[in-house]
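Each of the next two complexes has chain A plus one other chain: chain B in the first, chain C in the second.
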Partner chain A sequence: MSDRLTTSKVGLSLAIAAVLVLAACGSSTQGAKPKTYTGTLTFASFNPFTGPDASFGPEMAAGCIPAANTINQAGGVLGHQVQCIAVDTRGDPADAVPAAQKMIASTENLVGMNGPSSDEALATVPIIDRAHLPMFADSGQAAFDKSTYKYFYRLTPPDDAAGVAMAIYAYNKGYRRGAAVFGNDLSSQGNVPNLLTAFAKLGGQIVINQTLTLDQSSYRTEVTALVAASPDVIFTEADPQTDAAYLSQLQQLHGLIPVIGTQPTVQPPWIKAVGGAVGRDALSKNFAAAQPFSTSQGPAWDVYNKALLAAGSEVPQPDQWSQDPYTETDYDAIIIMALAMLEAKTPDPSFYNALIPAVVGNATGATEVHSFKEGMDAIAAGKKINYVGAGGPIAFDEYQNSTGAFELIGYSTNGSNPQLAVVSAEDIAKLRR
Partner chain B sequence: MTDAMQFYISTLLIYLFIDIMGVLGLNLQFGVAGIINFAYIVFVGVGAYTAAVVSLGPDYPGNFQHYMFGASWPFPLPILAGGVAAGLLSLVVGVISLRRLRSDYQAMVMLVLSLIATLVASNATGLVNGPAGLATIPQPLYDQLGLNPLEYQWVYAGWCLFLTVLVFLFVRAITRSPLGRTLRAMRDNERAASAVGKNVTLLRLVIFVVGGVIAGISGAVFAEFIQAWSPGSWLYPETFVFLAAVLVGGAANNWGVILGTLLVPVGFLEATRFLPPIFYQGFIEAMQWVCVGLLILLFLWFRPNGIFPEKPGRFKPRATAQSRPAE
Partner chain C sequence: MQQLIPAFGFGLITASILAIAAVGFTLQFSVTNILNLAYGDIMTACAFAAYLANHAGVNIWISLVVGALFGAVFSMLLNRLVYFGFVRRGTRLFGMIIVTIAVSLIIQNLLLAIFRPTFFTYEASQGPSYQLGSMVFTASQLAIMGIAVVAMVCVHLLLTQTQLGKAMRATATNPGLARSCGIPTDQVIDAAWLVSGALCGIAGVALVLNTATFSETTGAAFLVPIIASAVLGGIGQPYGAMLGALTIGIAGETAAALMSPAYKDVVAFVILIVVLLVRPQGILSEIAAAKEVAA
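Right after this comes the complex of A and B.
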């Protein structure tokens, strides 16, 4: 009996000890020396590849792959080749949390990432930040406008800034009675609050605010209500099938009203669906879309576009992303991280993270560079660099956000997107809540 | 083991324990009582939202998210509130749908309820912040415990294990009790159960509410862990994942459904993350739902009682006057 008791006490003690050792392992601190890496370095595109926002993932991966290719062609980072992997968040926090944990735990040589998107950012940014992994989010959540996460960066404007840009453009075009017609998905709804307040502040009136249930076969009731409200402009963002059904029924019942959309309404699937439903001619006469301003020209964009078009089978239909500001900034993010690694002389994120703002900082005497190769050469020559990306100049504020102006683009029947107007960052800031 | 791997493993354990709680609740309704509840995930969602809004504090102008009835209730009240709210909703839904409708019509009502609930949560943006859902939900006792994130995560896994054991013991107590036998009798032959004087409607309602409370608690614990909850987390197909776990493990067998949970929501859905991408990015993830559907069909066809079928009850015959020894 006493032997048995002793044995169970020993067992209990061992169990407690094991728990304590485990806890001690958990509290181990970051070492002072950079981690040593062997083999290929990995960047992740952490975004929805399935679910309602499945278009986000390919758009992001289309930026990462050409960036990795240009880095590898220049000889890699500190002797390492780099690669991109896709990690599907399914656009849902509950799925994204284990996806983030799995990515961090099991991806060899993971040194940086693009993402997360708005769908899962609030749940996963703390996890990624805790893992000391620099992330360039494409999340438009206003909650990150004053982010204090050390490893969080954002090169694109928050969702609600697009709403303000739409309101300013509409008001300047002389529209005074607006209709807000947005899908009930997270991304679309992010535009609405600031659109409503900005348009009202400018002196316009939102005569009807509709939240569309996605992918219904008919929106006759909603369209009838819209026609009854007599708007002179429609503001919209919804998935391609929803807007195609809605606008074609509007065309049948009343005729089209000028429509101002957001960046997702410039995506090829949206243009194809809506253009097919209402006709390309009607599309070109009645549509404009607000998207983050990108010059889509200049030396950095030339390098980006060349690498993108040369990506071959890695990026299906690469030309569709040539002027996509999100793809451009996703490309820039990878280049920025790689240049910061060169500055830090290590791919260890804990060390190079602090130098990310420095490689885009417009410091006195910094050499302006437009590609990884140019930056690598300048750093090797002992110069300070200022990377001006495919998406334009980058300047992080104290919250590591770098957001700028918006442009309004139209559609033409030949498939191009002529620029209609530019709304400055200052004008947007004045009207944001 | 690296910290990152410990985070991942502890996350999977937490998901496993929470899913087991949820599946045990559904097993009580579907496996034991025969109620086809295609809206089960709604009660999980209600529990999660309730725990969120009573933890987040009052809403205020300028907040990045908007919701009704914000409060800052201390641990463990948000979890209990999640269970109570889901239980109350179960009562309302049960009173409406379980009294007069046969099981197949009940199933249709539940499916419709699931769709309506998601649409309401998405479109009534002032209710629980619409499609964006709620975020920054405080984790219980995080500040008070003063642990580092990894230590806290292991403690949370222990907390989930504790709750799972409680739920398991509670569910087992019901299934082994005379109530459990009555429920099985009702499931196997409703008319016969009625004929011997059992109030079938009341029994269904009771077990529907009990299952709803368990679902609500599992949702509350889940939302407090991931600190976010949105309509994308509780779309109606999620119920079918739970249902697949019940059917694969063995309906009405509590140990069986635990195995089913290990195999389907955690094992099957998580293991596929390790497969290399084929055809195009997202293909494997997209096929998961197809595979869950196939899994249900295959088990219904080839092994309808699951891996661990329900054990037939063995009861000692009650001692009769003749057989009782003389005093």
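Right after this comes the complex of A and C.
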């Protein structure tokens, strides 16, 4: 009995050891050979293309497509042409999880991706990370501020930083009584906690905090409660139809008051919906929105914008994305992954992933490059590179986040978005929880 | 608490739209026994038809008629070309539900492909505001409520005062018996789809007038309250659907006034569940049956 017990214990120990060794081998690339690729490499735009946040997907694809075109024009990556595919998450984790699994299992030569968005990031980032697929998320969730996922990168600020930027701008404009009017979706609610805290810390007061059920036919009762609280400014993010209904009903019952939105409120669908509902004149007089600050100028932006405008057959109305910081960073993400592949001499994500920070690292002696072509030539010449993107300089922290300042922009009836103010990263950091 | 009366007024507007939609939904169900889950998407398609007319320079109220006509014809053709084939093969209720879900997705994605993923607005003014006690209504909201009242009266007269209405009720009660009594049930069913589709079209345009903007998913998002109103009133009972719409519409708005807007749907659907626990047949089914209104 004792012998049998000892034998089975030894057997069990050996089995555990074998499993651990196999697991260790599986998680390491040391000694392993990169996968061989034939044919076109694929980057996915993993975002909502339908559903309440359907505007996110086209915004992301508008970054991927010109990036792929510039890479292909330069000869491709290690002899491979590249392409972008759209993977629709519908903005819902229940749809996004099977979409992620299907994308990973069935997409040939999938080597990297943009996304996920805040709508589906919590559910899908672990799946994508386990598949060893580098992802440049446009999720603003604070949960990823200290991400330990090896394949997770973020070039845009977290949602809660936008809330702080909105609070600072409002306070500087003299508003002291704020109304928080946000949709009940994950993406919108991500802004709220820091907005409330920051506005209070500055000396303002949130007189009403409303969580809107999306896409209702009427918000008049909510609007009546808002008017009764007498705010002098509204902070908002909700899907276009919700904000259009809410603000048009506010206009009917009381008249508009100043509105400060987040980045989704400067996207064309939101502007079209709300501008159509309240009138473009009224919108231009009452509206500002916080979005990640990008200079939208400089050599990398010039390359991006030229490629974007040339992609008119693939990107509807490409000029609408020319100054969109999310599209700019989605473009940068593809270029960064392609340059990391060159550094690693393989498109195999398990190998090139570790070199992603290196291509944007401002190491001593690194050559500053502004396009895939410049980076490719520098790498071929044996130089270290520092890619400065269309969205500006990139510097990953230890959690692979690269964030910066915010700008507040307005809306003009001619369709442009004049800059109203810039809120520095330092000012935001002081007020973030 | 002082927001309660205005909320009641706002609830009346929502209830008016819901009533038009729910009566159309339940009337068609009572006659054809098809739970048409594509109803919300047909509302959206009608809203788009009205949008095209409106942006071609047609007045919004005439555009509403265009939407209603489109809904009537589209619904009848949908039955003739799609649903009827399944019914003839003996597809049961559950199978038909799956077919209607498929149709719903087809319509939604067709609209998405044709009109692209963006938002649309009618060229229409809300008109001046009128204060009725503590309640405030715009001219267009009063018009929507007026249209709802007229539509309900018309449905009532149709069901109680016309041969067609009697034929509908007979077909709803026992189609086989109705056929053997010489009632042309196929034509009656066509008429039910036409009437239901017209109400669907009116509801679609009224919904968009209320929300100010719309996209390809707007009607589908409104389907759950429509079904809830129909079920609450007693599925297949047009008068019940009117009462159900009033209950759901007003409950949601008053909940938003008394509690947080986040509980708007929660309260409305808790009421639905509680009522169905007490009266599984819905509010008005017995009354309707006694008056021989519908099924």
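Remarks
Just so we're on the same page, the second predicted complex is superposed on the first by the 402 of 433 C-alpha atoms of A that agree within 3 Å, B and C clash if a C-alpha of one lies under 4 Å from a C-alpha of the other, contacts with A are read in each partner's own complex, and residues count from 1 in each chain.
Keep this in mind: a contact is a pair of C-beta atoms (placed from the backbone, for glycine too) under 8 Å apart; a residue touches a chain by one contact, two chains touch by 3 or more.
Computed from a predicted model, the values in this text were never measured in an experiment.
In the model built by aligning both structures on chain A, chain B clashes with chain C. Of the two partner chains, chain C is the only one that A:Ala277 touches; chain B does not reach it.
In the superposition on chain A, contact is made by A:Pro58 with both chain B and chain C. In the overlay built on the shared chain, the residue A:Asn184 is in contact with chain B and with chain C. Contact with chain B, but none with chain C, is seen for A:Ala142 once the two complexes are overlaid on the shared chain.
Of the two partner chains placed by superposition, only chain B is touched by A:Ala86; chain C is not. Looking at the shared chain after the overlay, A:Ser412 reaches neither chain B nor chain C. Look at A:Thr50: by the touch rule set out above, it reaches both chain B and chain C. Once the two structures are overlaid, the count of chain A residues touched is higher for B than for its counterpart among chain B and chain C.
Of the two partner chains placed by the overlay, only chain B lies in contact with A:Pro98; chain C stays clear of it. In the superposed model, A:Asp119 makes contact with chain B only, not with chain C.
Put simply, of the chain C stretches 22-30, 94-102, 130-138 or 202-210, the part that bumps into chain B is 94-102. On chain A, the surface patch touched by chain B in one complex and by chain C in the other comprises residues 49-52, 54, 58, 184, 211, 213, 316. Chain contact summary for the complex, chain A toward chain C: residues 49-52, 54-55, 58, 184, 210-222, 224-225, 228, 240-241, 244-245, 248-249, 252-253, 268-269, 272-274, 276-278, 316.
Put simply, chain B touches chain A in their complex at residues 1-9, 11-12, 15, 62, 64-65, 119, 122-123, 125, 130-133, 135-136, 148-151, 154, 222, 226-230, 232-233, 270, 273-274, 277, 280-282, 285-286.
On chain A, the positions that touch chain B within their shared complex are 22-23, 25-28, 49-52, 54, 57-58, 61, 86, 88, 90-95, 97-99, 101-102, 104-106, 118-120, 122-123, 126-127, 130-131, 141-143, 184-186, 188-190, 211, 213, 316, 433.
For chain C in complex with chain A, the residues that touch the partner chain are 2-3, 6-7, 10-11, 13-14, 17, 112, 116-121, 126, 129, 136, 138, 207, 210-215, 217-218, 221-222, 252-254, 256-257, 260-262, 264-265.
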